[in-house]
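These notes open a run of structures that come right after.
Below are two complexes that have chain A in common, paired first with chain B and then with chain C.
Our next item is the complex of A and B:
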């Protein structure tokens, strides 16, 4: 039996577009955002409604988007462009302005398209090319301050010390609850699966933050006494998922990983756990928020020459350890520069630690499902064989 | 390890269906048939042909493992395992020093690394594209108006390697037609086609690395021209296995059938 709070979250999602329409009719404004480094709590503190935009998994929309950009652009970027072109998405329809940060260099250019073709108000938040330098940090502080000013202009309200504190407190509590959920689902026996938690994380794209926090707390309370989910095999190989975005609507690789007998226990996806892993606003100010974003788990969009100091790799290694992952599934979307550039490097670093690694390179068309299934089944077989050899079985593989 | 009784492996690929009967640690029968429209029937036909070759009946089999792309419709199998794991075990059986496998089948190509026990340690497969596969060679044989079996021998008579695109079957086909129209020697074009595939496969190995001995498995492994092109382009020496490299997947499946039976008994005891 599924957890009651998960049903409540689904119900809240179902009624959310109508709520947004009503709120807009009453004069409230919706700030849609894309990419990874948009300090969302500032949108909230400015009295605007934040909505994280963008879906995946729909090849029809990819084709539609391809009319506006090259077929060599990443499928996610093409699908989002297609979504804006079509204009029927319940959240895009209810967006008053779109904010995009310059993290993924393909995705941020969507702002140009949606402004030119679809006449939507768009704004850019600059992101430094180097997060480690003092100049980079300073630059992002300035960009965040400019972002806050733009938000105030759109909402017609000032971000006050009180509204900022409230927003930071709500987001901090949400992050803590998500981290708690992740710890629980990774247990040997668990009442909630990673897949369910991933869907809960993505409900945050849309729901009102106060409502969302209340639902998260309810879910955590319900889990405390909930029975173990018998579908989660305690013996299945444990997998960390990394790489390109896996947004709402795209579950192809995740479903296949589970159908192949693997159990995802952790991810560092920017559409999943990455924003919750270690974002920590130490000082309740615009600058404090900017610093928290720049110091957290980084997106794969930027080159890092010093592998030893690469926080993304360090975090992945730590997550493998903390979540007892047997192997890494590295998902790369076709023409996703950010993560296709990182795949070989990540594999090489993990190989030194004897961590099995599989890259799945795909797009939203369904034609490669069986080919991916073969790769994932073979990967799971090899993870199982490592365990079986250790337990004294004869041979390996099945 | 030798487990008494007979065990079968059935490997239904996109072009060929193969089966092997294993008994007392030895291959006692095998078959290779053309895959038909229904993969379940093709697998059963291959299994029955291998049983006939071995002089055994279906009821003599203790365990059957199905593999290959047709494993998704193999109700005759007690268990299905991917062709990647099976090729590793099969290649290890045919040539125990194997640490790297180049497997070229009808619709895909695999680079597989394995340990000294024949367990997969890493692998990579070509993307959804015919370049680097048996199907690519079929298309090219058709363009060159020769039988696919003749391609390899013809390529050995080349006087130079003509460049052919290594990225796309359709483009490579039109390039080949242009080369024919230009009056180039057919053997030089054919060797260029083999080198195009070898270059593609070389790229695949950049993801997993190469360690000797290198075993060439799959239906295309019987093509002498392809073997030579791989050795020239990748600067390797391919192992000379005893036995048919096209059967590697089915052999691996039969070995895994035997192991599964043994492990079932261990589980029953434990």
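Our next item is the complex of A and C:
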């Protein structure tokens, strides 16, 4: 039986476009955003409605976007471009301004395209690629301050100390709740699946943040007394999912992983757990928010040349340990270079830790589903065998 | 085809510098190098007519898809000297490396002033890949091509088939120790961010090479952006100096900036004279050499400067005398190319009635002087951030429209390589804006196979049809 609060979240999502239309009719403005490092608290503190844009999984929109952007760009950027071209997406229709941070530079190009072809008000926030240097951090502080000023201009309201504190508190509470949900779903026996939690995380793309926080707290309360979900097999191999974005609308590989008998227990996807993992606003100020974003689990687009300083890789290893993952499913989209080019090294690093690794390189077209299924089934089988060997089951009768 | 037929075909396709030009060539000046050495025109002639053909036969092959072939305009003597700089690059860099001069791999399209000023030699992908290919001498065109491709494909097998040819070919060449590179330190220009991810992918493989990069912040309007970039360049220069245990003084930077500004000015004055001439005075191949020398990409900023001085003088003389370069058709269709890493088939275009008048990528470098007063790091930062090629795409399109006017181009070919995610993304947009606002026809092409000898019929058909349409 599905958890009641999950149904409530679905209902809230269903009514959200109409709510946004109403809010805009009443004079409120919606700030759509894309990428990873847009400090959403500031949008909220400025009295604007933040909406995280961008969907995946629709090859028709990929084709539409391909008329503007090239076939050498990843399907996510092509689909987003297609969404803006078509202009029928409920959230894009209700967006007054679009903010894109320059973490993934393919999305920076999307900013240029939608600005030119579709005449949307768009703004960018620079993100330093030398993000671990003092100069880089200072640059991001300045960019964040400039972003805050732009927000104030659009909303016509100042970001006050009170509004900032309120926003930071709400977002901090949301992050804590998501972390709690992740811990619960990863238990041997659990009332909620990772897949359901992932959907909940992505509901945050759209919902009002006060409403969202209240729903998260309700969900956590309900889970305390909810029965164990029988669909979650405690014996299924536990999988960590990493790699390219898996946005709302794209569940191809995730569904196949579960249909193959695997159980996803954790991810470090930037469309999933990554922004919740360790974002920590230590000081309630624009600068404090900038620091929290640039110091958190980094997006794969930000290159690190010293493997010892690679926080992303360190976090993956820690998550494997904390969530007792048996293997890693590394999902890469074609032409998503920042993740694709990391696959070989990540595999080799994990091999040293005896952690099996499978890269699935794909697009949104369905033509490779059976090929992926075969690979995933084999991967899950191998994880099961390893478990049996580790438990001494295999070989006991010989 | 029999072996005898192959040898005969190779001989027919071989390019020679005719003896009858020797006397005049020997009257021209030689080239000075930053290490204090000098080669006179007799030494250059000997190298280009004896040693060069023996060691690098592929460069003398007249195959029209040979991107490394010499200019057929043999009476443009500066062109012969450029060929010399090209074919001796490997020897010179190995010698410099042995003498403790750091060799630093950088991206194309960046201000190299800080590298030379720090006593290092910056080397961009095209010449670096050529150096790796030339590590094995005596190769004919097919074998030379195969060798370059093999290095690139080794890299793609290690990282991903989706890597763009230039960064993966270069970094894998360094990995295979086919080139003596002490440090890889590019700016992450918007032309290519494959570089950052390929470099990251090799971070544990390149054990004896220092890795570094300088961010290219796309928000150029903030004062803090210049401060950030200047700070990164300061750090870069410190690291470059550290490679040879020396600290770099501001006066070293100013000296190099002044030299390179002079080179950039010469390159653009030469190009403007070519564009405004009644007859096109040099071939597309020589045009390309003049433009790229304005970014000092043959391992020595002094020798590049002297090449530019000589080329400038020759071009001005030819323009005055109404000379049309050998092989240039009468009233050619003038083509401007747009996009990164877009080496074109000059001779093919000329055979079909066109001439390449420039490429927006390389031209942006010669139109970007560094300020000669103030803080040199900030001045370099300002220049990098102001590169026309790296501007927001709508502004870059305006720069291309200006180039269309300056070059009197009849058509614009927008191109991008396989695996390029950043230029490819806006190639269509540029083609649309330029066509709409300048009225000049544009075509948008993926040009992955331009570096190949074979299998490029589709691109040939498209380019040929485009030229025919404009004729």
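One rule holds for everything that comes next: the second predicted complex is superposed on the first by the 391 of 398 C-alpha atoms of A that agree within 3 Å, B and C clash if a C-alpha of one lies under 4 Å from a C-alpha of the other, contacts with A are read in each partner's own complex, and residues count from 1 in each chain.
Definition applied: contacts are C-beta pairs under 8 Å (C-beta built on N, C-alpha and C of every residue); 3 or more make two chains touch, one makes a residue touch a chain.
Predicted, not measured: the structure shown is a model, and the values here were computed from it.
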A:385 contacts which: chain B (first), chain C (second), both, neither? first
With both structures superposed, pick whichever of chain B and chain C touches the larger number of chain A residues. C
Could you look at A:375 and tell me whether it touches chain B, chain C, both or neither (first, second, both, neither)? first
Figure out whether A:109 sits in contact with chain B (first) or chain C (second), or with both, or with neither. second
Is A:136 touching the first partner chain B, the second partner chain C, both, or neither of them? second
Now for A:367: first (chain B), second (chain C), both, or neither, which partner does it touch? first
Quick one: classify A:72 as touching chain B (first), chain C (second), both or neither. second
According to the stated criteria, A:344 is in contact with first (chain B), second (chain C), both, or neither; which is it? both
May I ask you to decide whether A:161 touches chain B, chain C, both, or neither, giving the answer as first, second, both or neither? neither
Could you tell me if A:221 is touching chain B, chain C, both of them or neither one (first, second, both, neither)? neither
Can you pull the chain A residues that chain B and chain C both touch? 344
For the chain A and chain B complex, residues of the former touching the latter: 344, 347, 356-357, 359, 361, 367-368, 370-371, 374-375, 377-378, 381-382, 385-386, 389, 393-398
Where on chain B is chain A touching in the complex? 1, 65, 69, 72, 79, 81-86, 88-89, 108, 117, 119-125, 127-128, 207, 255-256, 259-260, 262-263, 266
Where on chain A does chain C make contact in their complex? 67-74, 77, 102, 105-106, 108-110, 112-113, 115-117, 124-126, 128-130, 133, 135-136, 138-139, 142-143, 146, 303-307, 334-335, 337-338, 340-345
Going by the contact rule at the top, pick out the chain C residues touching chain A in the complex. 158-160, 162-163, 188, 190, 193-194, 196-201, 203-204, 211-219, 222, 224-225, 227-228, 231-232, 235, 392-394, 416, 418-422, 424-429, 433, 446
